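Common to both upcoming complexes is subunit A, partnered first by subunit B, then by subunit C.
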Partner chain A sequence: MTQASIKQSWKEKLAAGQALATAGHRLSAEEAFERLDFPTRRDETWRNTSVKPILETAFGTAQLPRLDAEAVRALRILPEAHLLVFANGVFQPELSQVHPQQGLGLMSLAQAKQSLPELFAQHFESTGLAAGDVFAAMNTAFSQDGVFLHVAKGVALERPIELLNLTVASDQPVLAQTRSLMVLEAGASARVVEGFYHLGGASSLTNPATELLVAANARLDYHRLQDIGSQNFQVNTLAARQGRDSHLACHTLTLTGQVVKNSSRVDVAGQNCHTALNGLYLTQGADHVDNHTHLRHLAPNCQSKQLFKGICADNSSASFMGMVFVDPIAQKTDAYQSNRNIVLSDTAKVHSKPQLEIYADDVKCSHGSTTGRLDPNAQFYLQARGIDKAQARVLLLQSFAAEVIGLVELEEFHHHAMDRVERHLARS
Partner chain B sequence: MITIKNLKAKIGDKEILKGLNLEVKAGEVHAIMGPNGSGKSTLASVLAGREDYEVTEGEVEFLGKDLLEMEADERSREGLFLAFQYPVEIPGVSMTNFMKAAVKAHREHKGLPELTAKEFLALMKEKKQLVNMDTQLSQRSVNEGFSGGEKKKNEVYQMAMLEPKLAILDETDSGLDIDALRVVADGVNKLKTKDNATIVITHYQRLLDYIVPDFVHVLHNGRIVKSGGKELALELEEKGYDWLLN
Partner chain C sequence: MKTEDDIMIEDLSSKEYEAGFVTEIEMDILPKGLSEDTVREISRLKKEPEFLLEFRLKAYRHWLTLKEPKWAHVHYPAIDYQDISYFAAPKKQAKYNSLDEVDPALLETYKKLGIPLEEQKLLAGVAVDAVFDSVSVVTTFKEALKEKGVIFSSFSEAAHEHPELIRKYLGSVVPYSDNYFAALNSAVFSDGSFVFVPKGVRCPMELSTYFRINASNTGQFERTLIVAEEGAYVSYLEGCTAPQRDENQLHAAVVEIVALDNAEVKYSTVQNWYPGDKDGKGGIYNFVTKRGICKGHHSKISWTQVETGSAITWKYPSVILRGDYSVGEFYSVAVTNHRQQADTGTKMIHIGKHSRSTIVSKGISIGQSNNSYRGQVKIAKSAEHARNFSQCDSLLVGNRCGAHTFPYIDIENSTGTVEHEATTSKIAEDQIFYCQQRGLDQEQAVSLIVNGFAKEVLNKLPMEFAVEAQKLLAITMEGSVG
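Let's turn to the complex of A and B:
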């Protein structure tokens, strides 16, 4: 199939209902979608990830799935949290539950567009997410629903928010996307956990996009767990903007996926901000995980920390590409970026490219990248104390992973992540 | 306890142990001395089960079993302990988790129930006192950033935790200050019973003032070239090795 016919077919699958985007955004995003080519390995940010298997998949028309409430409950990490469930991009109100709190606006984005039109118009696509990226443009042009979170000025959310982003295919592969918009007004705080899972049937491609707007002195902890299964694809775009004195932490744990591409851009637009982008990916089989971060320091006196770690087994592969940009105005920036990988086989592959682009002179920036085998001396040392080889391996890998998970402050997610990682490693 | 017969081992193409014989009985302390590069650590590593070395000939019987048939971890659970000359730093693995896993493996092997958290902490506390180890060290990652002396203490602490039948101490004295040397040696002595045995590898007579050996062996070029009582160590201290090797 030609690119144009793939796009036409995808558009038919995605654009059947009411689009979220207002006419202006929709038009320009659709124009970008038509105009931009699907990325190839010649594109800097897709150098290590092939979209070919995605383009070769013949997606069917998504059926509205019947979801088993019990199966959905089993996926929950935070039983006390607010819950919004989406399946194949469609909001599932009967499975969702919001506990009212003064100052909390939490609903589907389609509903927010109706009931909170000013907020919607003010913030939707305000990060300019669609520009220059065919997948983000597709999301902006055709998305029909997703999450809307608004936390009013000075409000600290008591309960965390749990989002379940599910796909269920019939006998044909399914294509779905959600659009999320999270707005924290000045001094607000929230913790969000989003889980991505594929519940069965043929394969899926999900193309979620998320905008995070963190105003002055606000704090957002956003956690993603991607466990979509090894026959499925996800292209996940995130764009965030921080106001002064704000905190943003994004933790991404990727457990499975034939191709998972995470592109995250953060604009640190105010002074004294803290930004943490952390990722842990465990790849096996023929899985491929690609994390691309683009962190732009656009104001002075900010601190950013990025730690991405991977454990890659079998024929799997992973890529990390990180760009820290420091604007001339962003003096006293303290930026740290690190990518470390362990490969467990001769055939697992890792590409790592942390990068700095610095235009201010009074900054502290460092980056590093290592990829290696499990340390045989450490393994022998543990064995010499009676711990069998397999367990020694798990212990070492767990502690390698624990450094990233240890950065998660939300206790339930921390425990869940550690537990999932332990079970995952014990199996591999 | 252990009987080593005509042991030959190589790494790559290089033969390092060239037909070594040694017998250690329960209740005994043996010292192995010898020049740098003579193969002392290699012997210790081969006995502990390091896979880099290939045993080309000989046999080792440990408590009635064929030691060379066992994996390193089985050897440990059967009661063999090596205090490393160069303990390994393992970032991210806490001392506590490390010891928990090790003690659990040993107890499972003996058919004993797992210790409760409280029992385990009490055990750690007791054994730390034995070597006067800083409590804080056990909260850190295994050997990470430990000073040379702290690493050596940590080896003996682990030995105390696991109460081996046969302990091989590879230059555990090097890097210890005078007080620490006494404390560590006292610890080793306290762990001594008539049912276990110790092999101390050292360059210095000083340690042997504290841990008094029943036998002293000189290892040279992959073989034991001389054995004697504890006086042999004094003689070596005085005369060096030359007189023996020519």
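Let's turn to the complex of A and C:
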């Protein structure tokens, strides 16, 4: 199939209902979607990830999913949290649960567009997410629903928010996308956990996009768990903007996926911000995970830290591409970026490209990248102390992974993630 | 109000090029323009064997199919390839036996640059093959090398005397189809050096060549080929300075190095071409392809470079580590000032088992310049137990310059170990304060700190060059403060 016919067929599947975007955004995003080619390995940000298997999949028309409430409950990490559930991009109100609180606006984005039109118009696509990327443009042009979170000025949410982003296919592969908009007003704080799962049937492609707007003094902890299964694809775009003195932490744990591409762009637009982007990916089989971060320091006195770690087994491959940009006015920036990988087999592949682009002189910016195998000396040390080889291996890998998970402050997610990683590693 | 720092930075930024002067010597220049006829004419003027003409023509035809690459982090006005003259040779082509017979104007040029040609002859430590523009003028110490069986001559001479070697190795590391500028070079290369060190021979002296762009608008297309047979060792030095010009000059050189079993080649270069004036006017475009191949086991290729010149530098000396246990090294100091742009780094392609590579890159940006490190480390599936260590440090002086790092790291097996580290910082005030407390003035303190910053690389240069390089750094950094 040609690119044009693939686009046409995708568009038919995605644009059946009422689009979220206002006419202006929709038109320009649709124009970008038509104009831009699907990325190839000649595109710098996609040089390690092939979209070919995605383009070769013939997606069917999305079915109305029938979900088993019990199965959904089993996926929950935070039983006490607010919950929004989406299946194949469609909001599931009967499975969702929001505990009302003063200053909390949590609902589906389509509903927010109706009931809070001003907030919606003010913030939707305000990060310019759709520009220059065909998948993000597709999301902006055709998305029909997703998460809307608004936390009013000075409000601290005690209860975390849990989002379940599910796909269910019948015998035909399914194509789905959601659009999330999270706005934290000045001094607000929230913790969000989003899980991506595939519940069965043929394969799926999910194309979620998220905008995070963190105003002055606000704090957002955003956690992602991607366990979509080894026959499925995800192209995940995130764009964030931070006001002065704000905190933003994004943790991404990727367990499975035939192709998972995470593109995250953070604009640090106010002074004295803290930004943390962390990721852990454990690839097995023929899985492929690609994390791409673009952190732009546009104001002075900010601190950013990035830690991405990977363990790659079998025929799997992983890629990390990170960019720290420091604007001439962003003096006293303290930025650190680190990518560490363990390669467990001779057929696994790792690509790493940490980058710095710096235009201010009074800064402390550095990055590091290491890739190697499991340290045989460390393994021997444990064996000498009576731990068998397989167990020693798992122990060492766990401690390698624990550095990333250790940065998660939300306790329930921390424990859950550690538990999932342990089980995942023991299996390999 | 201007702070003391601003004044110092301005001082430094306004420093004019010190080696800027023009020697008046008659030149043989081909008319501007590039076509198949130009290529044939160059080959005819140089009386080249048939196979070289064919190589040039193939390259030219391939070049026509290519597009100029745009991916580097540099900006420059479009180059009109038809507005360049592709061949220039000093008029007097006689061969000299002693320096007395050499055109005195030429010797004067070297004197101004502080190249002690006569001294070197006396010292007998360095053989100098001085390339003035495109044709070899003086070759010394040839006899001493001949005894050992080492061939060190201009490329054209080698094409006549050792066509079988040229035929065997030319294009074997950088094929004419490699990239846009390599194809252009392959089509129109003027001259360069050829070094061949036979099996088991340790070259008795450092070999050095001084390139110097002289004629206006000629462009230089040097071609250097270094071959070290089994167990051979050679250290090759190259240094460049060029007179002040107002029009941009294109330099697209190709350097190829072949190291067979147990051989070692050390390639050092100090590059100080005219960088343009403080508004970025004029200056050399330096688009170079340099690559070595460690073909045999236990072979070693080492690149050391000090880059202070050129308006635009676009250069990635690379090593293909094909032999088992082979070693590749890259040590670089790049200083950019005014509106200079440098996009430089290296590629280490590990193919052989237990191959090792080390990359140490130091970038210093001053004024409104941009300095990028771009490098690739690739561990192929076959490169079991390969190891790489990379360190890229950048120093920024002033807040109008930029320092960038773009490393590509690709690993395809489980036994490879790759480490990469990069830092960007300015000269810390407490460091300067510490020096000042001990009686150094601010300028001396900065010079000391910068020299310390670059020491790791400068130490790798051969003695003869280390002095020159340090002087060059001191001149470039004079009056600067972080």
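Before moving on, here are some points about what is shown:
Note that the second predicted complex is superposed on the first by the 428 of 428 C-alpha atoms of A that agree within 3 Å, B and C clash if a C-alpha of one lies under 4 Å from a C-alpha of the other, contacts with A are read in each partner's own complex, and residues count from 1 in each chain.
Here is the rule we go by: contacts are C-beta pairs under 8 Å (C-beta built on N, C-alpha and C of every residue); 3 or more make two chains touch, one makes a residue touch a chain.
In this text, all values refer to a predicted model and were calculated from it rather than measured experimentally.
Superimposing the complexes on subunit A yields a three-chain arrangement in which subunit B and subunit C fit side by side.
Using the contact criterion defined above for the overlaid structures, shared-chain residue A:423 touches neither subunit B nor subunit C, since it reaches no partner. In the superposition on chain A, the chain among subunit B and subunit C reaching more residues of subunit A is C. In the superposition on chain A, contact of A:41 is made with neither subunit B nor subunit C. In the superposition on chain A, contact is made by A:383 with subunit B only, not with subunit C. Contacts of A:99 after superposition: neither subunit B nor subunit C is touched. Contact with subunit B, but none with subunit C, is seen for A:400 once the two complexes are overlaid on the shared chain.
Put simply, if you stand at the Cα centre of subunit A and look at the Cα centres of subunit B and subunit C, the angle between them is 70 degrees to the nearest 10.
In the superposed model, A:392 lies in contact with subunit B only, and not with subunit C. Think of it this way: put the two complexes on top of each other by chain A, and the tightest Cα contact between subunit B and subunit C is 15 Å.
Common to the subunit B and subunit C interfaces on subunit A is no residue. Contact residues of subunit A toward subunit B in the complex are 375, 377-378, 380-389, 391-392, 395-396, 399-400, 402-403.
Remark: subunit A residues 44, 328, 331, 341, 343-373 touch subunit C in the complex. Looking at the complex, you find that subunit B touches subunit A at residues 48-51, 71-73, 75-77, 81-82, 84, 87-94, 97-98, 101-102, 105-106, 109, 141-142, 158, 162. By the touch criterion stated above, subunit C contacts subunit A in their complex at residues 71, 381, 384, 394, 396-426, 482.
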